[in-house]
Each structure stands twice: as C-alpha cells, then as structure tokens.
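Each remark here refers to the structure printed beneath this line.
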Amino acid sequence: MPPIALVLPVALPLAAGAAAVLANRLGDTACRAIAAAGVWGAAAAVLGLWLPLRSTLEISLGTLGFGVTLGLRIDAVEVAFSLAIALPVAVLLTVQRREWRESAVIALATAAALLAVEAADVVLTSVAGCTAATLVVIALGIEQLDAPRPRWAILIAAWLALAWAGVQLQVGGGTAGYAVVPVSALTTPVFVLIAFAAVVGSGLYPWRGWASELWSRESLRTAAPAVTLLQPLGLYLLFRTYEMGNGHYPQAVLNIAVAAWGVLVAFAAAVRAQAAPTRRAYIAEVLPSLAGFAFLFAAVGSKLGLVAALIVLASGSLLVISLPLVAGRSGAPALLVTSAGVGVPAGLAFGGLLIGLVAAFETGGAIGLIGLAGVATWLLAAAAAARSIRLPSGWTGTVADSRPVLAAALAAVALVAGPALGVVYAAGFAIAGLVLPSSGAAPALTTVATVSTVLPAAVLLGPLLVISALALGFSRPMPATPRAELSPPLFMLAGARRLYRGWAMVRSVSMPDQYRSMFNARALEGAVAAGRPVLWLAAVLALCIAVTR
Amino acid sequence: MTQLIASAISHTIALLLYPGLATIVLLGIAVESLWSAVSRGSEIVPAFRVARPQILHVAVALLAMLAVVQTGAPFNPVPPAERNVIIAVVALGFTAWAELALDTELVATPGLMLVIQACWVLAVLGPAIEPQSLRPQVLGNVLVPALLPVKVASGFLYLLCLPPLLRLWPLAPPADRRARPRFNTARALVWIAYCALFATLFFPPQGDDAGGVARFAGLVAGAALVTILAGALLSRRGAEHARGLYARAVTPYSLLVLALVVGTLIINH
Amino acid sequence: MEPELAVALPAAGWACTAALRPRPRMALAAGAVFGAGGVAAILFSAPGSASTDLGVSLTITAAARAMLVVAAVALAFVVILAPARAERSTMLRWGLAGLAGMAAIAVAPSLDVALIVLLALFVLQAAALGRRPYLSRLRGPLLAVALIGLGLVFARMGGPPALQRIAAVGLVTGLVAAIGAVPFVQEFDAEEMTATSPMPWLTFVGPLLAVVVVARGRELIPGQVDVLGALLIALGLVNVAYGSIAAWRVDSAAAAWRYLFMADWGLVMCGLGLGVADGLRAALLILFGLLLVRLPLYLWSRQALRDNVQNDRPVNLLVAAALAGSAPFAGFPARVLLLKGATAMYWPLALVLAPLLLLWIPAGLRLGRTLGAPTGRQLFGVAIALAVSVVLGAYPQPLLSLAGL
Amino acid sequence: MTAAAAIAAWVGGSLILLSDGRRGLALGLAVLGGGLAGLALDAGHAFAAVALAAGGAGAGALRLREGADGWGIMPPGSTPRLILATVSALIALYLAAVITEGPGAGFRFAVPAVIAVLALRLLLGADRAAAGAAASGIALALGVGSLLSTGGAPEATCIAAAVVAAGLQAITHAEPDGA
C-alpha cells in the first residue's frame, strides 16, 4: 500500500461531498447515495490501511504555510475514533432520507472530522476540527435554521484554543506533532487549553448544552450526525494528550479536575433525564451522560480507564444511530434502546461503565471518590431510564425517518456484546497502549483482568445472557396498560429553581434609560466616524506623549 | 477450551443453583413470609399458580442472582478473584428501579428512595476506596485500625438503608391501597442478595466448610432479622416518622460517613 | 525596465480608459490589455534587483510585488464579475489608476517619493464627483501624508531618541489615517460610489501602502523598531475591538462592512507590529483575503444592501463563516499565525488577542446575510471567492512564497 | 541666506493658511516654492532648487484659475490661524535650534513648520482652492524633506514633488458615478 493512500480516509468523503454538490441535478437520493458511499469508503479505507500491518503509518505531504506540516498518521487510536465517527454517519446517510445539500455538507464535515483524528499535529487537528464544526453548524442550519444548534462562537473558541495550545507547543517545544512533542512542552497552561477545547468542542457541560438541545429539534436527521462528528473529537484530544505527556498529564490534579468535570456532566445529564417530561427529552440526555462517563474514565490515568472510555465511545456510537431511528416509537424497540443506553447487564455499556469505575476505584484517592459518585450517577441514570419507559413520546414531527427494527437490532447488538467484552477489552488494551505505554502481557480474550479483580466476561455474562434470553422469552410481557398517573420528576435538585431564576435575572439586566446615552453605540460611532480633526490631533498628541515619557 | 467450558458450567451452576436463583428464591420466600407474618401486611405465603412469571419478577431475579454470585458465600463456585462488588451494587441497584420500569404502579417516594440508594452505595463502596480493591472478601477482611471506623460506620449505614431499599417502610406507592396486599415476590427475590452482601462486606470471609456455611447463614439471617425488626419498628411508628427519619437523620449520617471516608483518605496520604 | 513598465502600463491603461470613456467596450479592451501588460511587468520584475533606466534606482520587494499581483487579480475578478448596474469600464479605469499608483509606491526609490505619489492619488480621488464635501474627502488623506512626512523629517533629524519615537508615531498614525482606521475614521456615506468613498484605501490601495510604509519605516528608525511595533499593535487592538463590535452593532449594514474591514486591519497592524515572520505572514494572509475575498463580496453585497435584501441560505452561511475567520477559510490560519507570533513575542498579548478573535463571528453572521440571494454571475463570483478563501486557508504557502516568506 | 529661505518658506505656508482668495493662495505657493528652493540651493542641490521654484511658481499660476477672487489674506476671523502659524513657527524653531543638532537647521525649521501649517489649513477648514494649495505645498515640503536624507535620489524626489505640486492644481474635472 503506497503511503499516499493515507489520504484516502479524508479524500473519499471529501470527493463524495464535492460529487454530491455537482450531481445535485440527479436528485436527493442519488446525492445521498454518493455521500454515503464516500463515508463508507472512508471507513473501509481506514480498516484496509491499518489491518494488514496493524502498526503506525505516517506520511508528510509538506508544509501548508502557517507553521503546519500536512502530516497524516494512522494508528490504532486513529482507527478507533475514525470508525466511531464514520460508521454512524455512514449508516445514517444510508438509511435516512435527506436533502442533497445536507448529504453533501455532512460528507464534507465527515472528511474534516476524519482529518482531525488523522492529523499528526495539534494545529492541523484544530484546523480540521474547526472546519468540521463549521460544516456541522451549516448542515444544521440547512435542515432548520431556527432550531437549536451549537453556538458558532463557542465551537470556534474551542478550536482556536486548541490552535493556541498547538502554537504554544511549537514555540515551547519546536513542534506540535503528537508523537514528537517534548514532554516538557506539555505545560499546565497548554493542557488547560486542550481540555477547554475538548470540553467545549464536545459541548459537555453540567448545564443543558447543545449536546442535549440538539435532540429537541423538530427532526433528528442532522442532529445525530452532528453529535457523531463533534463529540468524539473531545475525547480524542484527551487520549492524544497522554501521548504528548508520555502517558501522563502535566499534574495529577488535572486528572482529578477532568474526571470531576466528567462525572459532573454525567450526573447533571442524569438529573435532567429523571425530570424529563417526555421520552424525547429523556433521550436527549443519554449521550451526554455516556460522554461524561467517557471523560471521567479517560482522565483516570490508567490503561483500564482508557479502554473503558473506548468501550463507552463504542456503545455511544451504536446509540447515536439507534436514538434517531427509534424516535417517536414505543414498545420493545424503545425499551431495548433505553436498556442499551443505561448499561443494563450484560451489555457493552455495562461493561464499559463497570471497567471504568473499577479503574477509578483501583486508582484510589480523589479519583476513587469520583468513582463512587460515578456509581451513584449510574444508578440515578437507571432510575431515569426506568421512569422514561412509560413517559409520553413527546414527538410532534414526522416519524418517517425512524427505523425501529434497525434501531432495535443495533441496541440488541449492544446488549448481547457483554460476553465478548474480553475481546473488546483486548482490542482497547492494544489501542490504549499507544498513548499509555506500559509493560503488561496481552490480556486474555475471555476475561478482563484488573489489579484487584477479574471479570469473567465470557463465562459469567455468557450464561447470564442465555438464561436472561430464555427467561425473558418465557415471561409474561409487560402490561400495556398505561400508568395510573403521570410520573412526576423523581426529585427536584435543591436550589435549581433559584439558580435558573438568578440566571434569568442576570440575563434581564439592562442599562437604566437615564444612563443609556453614556453607552450609546450610535453616539460613539458618530463621534468616531464624524472625521473630527480635534479627535485626530488629540490621538496623535496622546501617542506622542505616550512614547516620549 | 475444556477449562473454559468447565468454568462456564460452574458459573452457570452458581447463577442457577447456589448461591444463585434457587437459593435466593427458597430462602427469600422464607424471609419474606417471616416479614409478612411480623408485619401482618401482605399474604404470608405466595399463591402458587402455574403461569408464566411476570417480566418484572424475571428481571429482578436475573439481577439478584448476578448480585448474589458476587458475595462470599461459602462453596460459591465463582472463584473469589472473579467477584466484584460493583457488579453486586449495580445489579441490586437496578432491581430497585425495575419495578418503576416494568410495573404499572409507581414506586413510593422515588426521590427519597434515590437518596437512600445513594447512601447505600456509599456504605458499600466507601470502604473500598482506601484499600483500592473491589473484591468483596478483601473488603470483609479489612481489619486495619485506620480503616475500621469507616467500615463500622458504613456497616451501620448499610443496615439503616435496608428497610427502605426492601420497601419495608410504611410508605405505600400511590396506586397500592389494597387492604391486604399480595405476597411481594419481587422483594422475596432480593432479600438474600442484600443480606449476603452485607455479611460479605462487613465480616471476615468464611471458609468453605460446614462451619463457614453456618456462620455465613447466621450472618445473613441476622442481617435479615435486624432488617425485619427495623421494618416492623418503622411500620409501627408510621409513614411520617419513617420519612422524617430518613430525610433528617440517615442522610446527615451518610454525610458523616462520607466525611469519615474523605478523612481516612487524607490521613493515609 | 520591468518596474518602470509596471507603473507605466497601468497608467497608460487608465489614460486610455479615460480617453475612451464615450466608448466603454473599447475602453474596457484597452484597459484590459494595458492592465495585463502591467501585471506581466510586475510578475517579471525580480524582487530586490534595481532598475536605473530612468536615472533613479527603482526596486520592488517580494512582499510588495505579491501584493500588487494579488491586487491586480482582485481588480480583474471584480471587473469580470462586476456587480449589477456597475459600469465595468469605470471600475477598470479607477482600478488601473490605483494599480499604477500602487506600482509607483512599490517601486519608488524612497518613501518620500511614495508619499508624493500617494498624495497625488488622494487628490485625484478627491477630485472625483462624490457625495461627501471635497474637504472632508481630502482632510484625512492629506493629514496622513503630513503625518508620515513629519515622521520622515523627524526620523532624519539628529538628536535625542525621542525624535525617532515621534517619527514612529508619525509613520504609524499616518498609515492609520491613510487607510481611515480608528481613530482617523473618515466620514462614510453608504450611498456613495465605492471608488470615491474611503473604501479603496481600506480595501485596495491600503494593503500595499501598509507593506511599504512599515518596511521602509523599520529601515528609517532601526533604533526604535520596538516603538513602531508597539504603536502598531496598540492601534491594531483598538481597531480589532472597535471594528468588530461596531460591525456587529451599527445600524447600517454598509457601515458594518467598513467596520469589519477596520477590524481586519487591526489584525494586520498587530501582525505587522509583532516584528516576527509569523506576524508578517499573518498580516499578508489577511491582506490577501481582504483583496481577493472580502472586497469582491462587499461589492456584490452593495446591491442587496441598497434593496435591503437579507437571506439565510447555505451560501450566506458559508460567506458568514468566511467573514468570521472560521476554518477552512483564510481567516483561521491567519489567526493561528497571529497567536503563534504573539506567543513567541509576549504571550499575554496572545491572551488579549484570543478572545478578541471571537468578535468576528456575530459580525460575520450579520454580513453573510447582507449578500442577499445571489444568482447567476454573482453566485458564480461568490463561489469563486469562497473557493479562493478555502485555498488560502488550507494552503497559503504559494502566495506566501511569492511574498518571499 | 538659509535663515531667509527658511523664513520665506514658513511665510509662504502661512500665507496659504491665512488666505482665502486665489491670489493670496497663489502668492503663498510661489513664496513657499521660492523659500524651499533657496534652502535647496543653499544645500547645494541646484536642480532641486530650480525644480522646486518652478513647481511653486507653476502651482501658484495654476492656482490663479480657480477660487475666490482677490487676495483674501487674513480675512475677518482668521486670528486663530495667525496664532497657530506663529506657534508652529516657534515650536519648529525650538525643535531646529535646541532639540535637534547637526547641519541643515534651515530644513529642520522649515519643513516641519510648513507641513504643520498646511495640515492645520486642512484641519481648520478650507475651500477647494485652499485645500488644493495646501496639498501642493505639502508636496513641495516633502520634496525638500528628502534633502535631509543621504540616499533615495533626493533631487529626483524634488522634481517629482514639483511636478505633482503643479499637477495637483491642474486637476479640476469630476468623474461620473460608477460602481
């Protein structure tokens, strides 16, 4: 395979997006097929390039002109994140009808997101990430302009922060290449900028951010690809930071801070989920909750934590396809998707959450306490999921885009994957080994061995799964009769109302009329733009005094 | 491969027979009957009918058997190294909400139930932070003086949380206003899991011999009896008292336990 | 001979288009031929090598040459895809006059000559029929010439270092006054034709003037280069803040465009003031974007502005992204370079600059809408402008190499 | 000779500042050109001197074609301009005699003083004719300013300045609307 083939994962969706634009006269379906083919091709290219050698492949295509070398790199981490981005987008492009503009822009955004994870340099990642964010915002705008979407400024701020971190690495260490940056260059300020980019770029806040609000759009056609394209990039940055720091963040307290933020995000999402008035409002909180857990696990600082984060990412990728496809539907498909999302035994999410929390406890100290909060959050999410089963759908838009059978099938895959956790863990172990090198034997394929325990994935979860399948098949189905009364929120967070009221007050603050003239933008503009010589002379005089003092 | 099959068989036995499904069903029905007799609440024995089980009971049973195989019951076919307290906590935690998901009736005071469940999680996992181990029998074996206060306080908190978790308190769900409620099968299925986990976490592990079995059974029975007595006491005092106790006494106490955990961490580092 | 031709051919083109005004097609053809010749002469002139065919030594720097080439391409772009109701030959005439003056400024043997040429350009523009009073059109530009002239005199006087610092003030304020940025903002009439408004100084002649004045200024006051840089950065930050906020808040959309140009100029001043290669790269990249992307977009938006048409189609969103400095458009790498230069020189400056860079987004979103619903030739032009911006954003190296960077 | 030329240059500039009539402005340009030419001649730049004198005279002559009739020197309300012209001269004198050092004191006085008074003419308000005259005057001053430098073809600069100064007075036509 020639090294230039490394451009394929980016070039294919890029070309597909361009082709979809050019072929728009052929109709929406043809353009969607072209775009989907491009994204499927990208996923295939990633696998095709990596599987034969299963080692890092790099290529440098020269300098771009702003201190960045167009260097591409395919390694196990890149493969994992590329697949987590490309596969859900490919499936959604394949099964959901959409306008040719949306298909084209989503394909282009996928190319940009894939470039962000294939880039060998922090600055190039920031450029590609910002491009992906821009295209995602445009795609959301094309679908419905007045519907909730990420604030452009916030997304650009995130990627500018990453760019700044990159140039700081270049200035401090001479390079911003993930693999070659000196450990000493990864200072605390640089890490803070990277963490800011990771958090803001993924929209993961303890309050209701765009990652949740996107799911309240009339149609979820573009919301799901938007989340798929942007959210994994934040986690990706946390992974690569380990590589830059030779397996460490600059200070242990930074691990604690990121882990605490992650659990706070997951907890807040679970709190909102348990108070959701409709099932639709509930599903808006499923992915932010999982993403919060992924951040927590990635920040634990152990290989086990990174593997857990990858497993949660994988289950999130399955869910991000299932959630829009089951939108507006109830019954078994909704129940399956909800179960897969909350991590019931013995599914993939269950395994990921379990391994991640074990990693937190085995790290001990403050991270152990955060792990304790993580377990409580998991159970809170379980309560919210249980409550959501009988909530009203809350769906007002068309359900034509939904594919309940496919959604249920994907959720079922996530639920029965538990016995294969050992295999998934072994793969994740190999991936995490790239950014967190450690001398350890390759794990067995049937168990997950941690420092203090061994999870017999195949021999415990396998039989459990068979027994569950038989028992549930034999059991009396859930009575379809509606609940006697509407289920209220399980609890109201103390002080939440006051907080919202305070925020509303802050937002409603305005300048008293009698002082408006002091801050009148028009008057200020008039004063500056009138071309008054006095102002000019005063400015020159002031500058002369300033420089001669 | 043979080893794998043998291991799978032993785990299946653990799940279905001992200490799994069969054990929790038989002993759980016995304990639940005792509670029914003491509380004079629901029917004392279950009305056996040849019918497909409710999905709620199936789900609770599956989760309870997953939890109970993580305990340190003597002769547990699951090797000690393969037991994990988080699995037990999560499985039992899910049982509390299976009812909300799969039953047409609401759970009584779910908000307070959530708080109590969080306290219970603290009681189970708080002592696991400092030893940095999740093996139940390792936690049970912790006798380091520096860690004993946390362990004792957590054990007491665990016992305090059991009545509401098993719904032995007099707070009935809004839709459940029957004069004589039916035998509570769901509760019967989780009695043993909760009590066995208590016996595993807060007492040294018992050996795989007759004495060990007797001691472990005694601990489980003791935990069950204490819980029944506490439940009966709560029922006698009434709903308001129970709500007040758990809202105003147990929650602050759990904060004290948390402070103890944090203090222990700080002292030992 | 190339530098002389670089000035003479566009000047001849201007003369022809002026003489053939009654016959626009012929004027256009003649102007195009002479203009193309001028561009060829610029391209063939080797940076740094002097030509003494006229008895004086005429040289052109690589940066100035690149700026001239880009300005010529921008002129061709807007003339070929001229906005509706715009007379192409008139646009070409004005453009060629500007191009000839810019070439003269670029090849001038000294800043004094460049300044005299600039003065002539100012008066020539002010002499045209415009909506603003003659004096208000001439006041700012002549003050600029006077300030730069005073700066030159002070730079050449022997005496205490304070004189050189005052010279730096003269050069910087003169440059800012010449382009009409804050605080030397000239009166602006949204209805005035672009050629007679202050916009050409901001968007067409200004870029080359800035490159020449700053380069020559550094040679004139080598001892006070840091003062020159500090003044540029200070005024640059003021322009960034004021321009971007005004572009967002001001009532008139046409004025908003001008303020956005001012904000861009703020970044250019910061880049030029940093005194490091990355800063210069950033400044040039922004200036290239100004000429090739923003100027055409502004011209095409004028009709929609007059008709008060606003739109939120995908193309408007793309234009908004391009104006906001988002990737993959030209603004983003320029911002990256600026941050790098600022971090290398004095990191707190990057701390100030980074949040200011976000102020473009509301203004960009607003001005993206003002393009209305472009169709036909105009839509084609917008597509090309966006493509150029993407190329500049993704791979600016060729143009930067042309500028010797 | 230097002092006289420098003062003449300042007087010429001041005349442009103080005059509203075409004759006063023309006289100011001519005197300014003459003064600046004297400075150039004193510094040994004969060609530059001739060019500047011709430029000033030409500009003055062309200036006579347009503007308010008469001399219009120091019309009512011109006291502030007179004060400013005097203050500019004093500041320039202080600059040339006290602050700065080296040869060419005449240049150091005349050039800043002339540029200052002509800039003030524009900033304090002027009609089309006065503004044009000020522009030509600034061009001539810039030309002479180049004589302070060693390189950069100062004589060519002076010739260019003279041509532009005269040329600026020739521009009268207006353009039709375009883009």
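Going by the order they are written in, the chains are A, B, C and D; count residues from 1 in each one.
By our rule, a residue touches a chain if its C-beta (ideal position, glycine included) is under 8 Å from a C-beta of that chain, and two chains touch if they have at least 3 such contacts.
Remember, it's a predicted structure, so these values are computed and weren't measured experimentally.
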Contact-graph separation of subunit B and subunit D, given in steps at minimum: 2
Most central chain, Cα average position: A
Pair exhibiting more inter-chain C-beta contacts, A-B or A-D: A-B
Interchain centroid distance [CA atoms averaged], subunit A/subunit B, Å: 36
CA centroid of subunit A to CA centroid of subunit D, Å: 69
Rounded Å distance between subunit A and subunit C, as computed from the means of their C-alpha atoms: 41
Distance between chain centroids, defined by C-alpha means - subunit B, subunit C (Å): 75
Multi-chain contact sites of subunit D, meaning residues that touch two or more partners: 122-123
In subunit C, residues with contacts to at least two other chains: 139, 143, 147
Chain-to-chain touches, reported pairwise for every pair that qualifies: A-B, A-C, A-D, C-D
Interfacial residue positions of subunit C with respect to subunit A in the complex: 136, 139-140, 143, 147, 162, 165-166, 168-169, 172-173, 177, 182-188, 227, 231, 242, 245-246, 249-251, 255, 278, 281, 285, 312, 314, 317-318, 321, 324-328, 332-337, 339-340, 343-344, 347, 350, 354, 357-358, 361-362, 365, 393-400
Of subunit A, residues touching subunit C in the complex: 62-68, 101, 105, 112, 123, 126-131, 133-134, 137-138, 141-142, 145, 152-153, 156-157, 159-161, 163-164, 166-168, 170-171, 521-522, 525, 528-531, 533, 535-536, 539-540, 543-544, 547-548
Subunit B partner contacts - residues on subunit A that touch it in the complex: 274, 344-345, 350, 354, 357-358, 361-366, 368-369, 371-372, 375-376, 378-380, 382-383, 385-387, 389-390, 446-447, 450-456, 458-460, 462-464, 467-468, 471-472, 474-479, 481-485, 487, 489-492
Sites on subunit C touched by subunit D in the complex: 55-57, 78, 82-83, 86-87, 90-91, 94, 109-113, 115-117, 119-120, 122-124, 127-129, 134-135, 138-139, 142-143, 145-147, 149-150, 152-154, 156-160, 163, 193-196, 299, 302
For the subunit D and subunit A complex, residues of the former touching the latter: 122-124
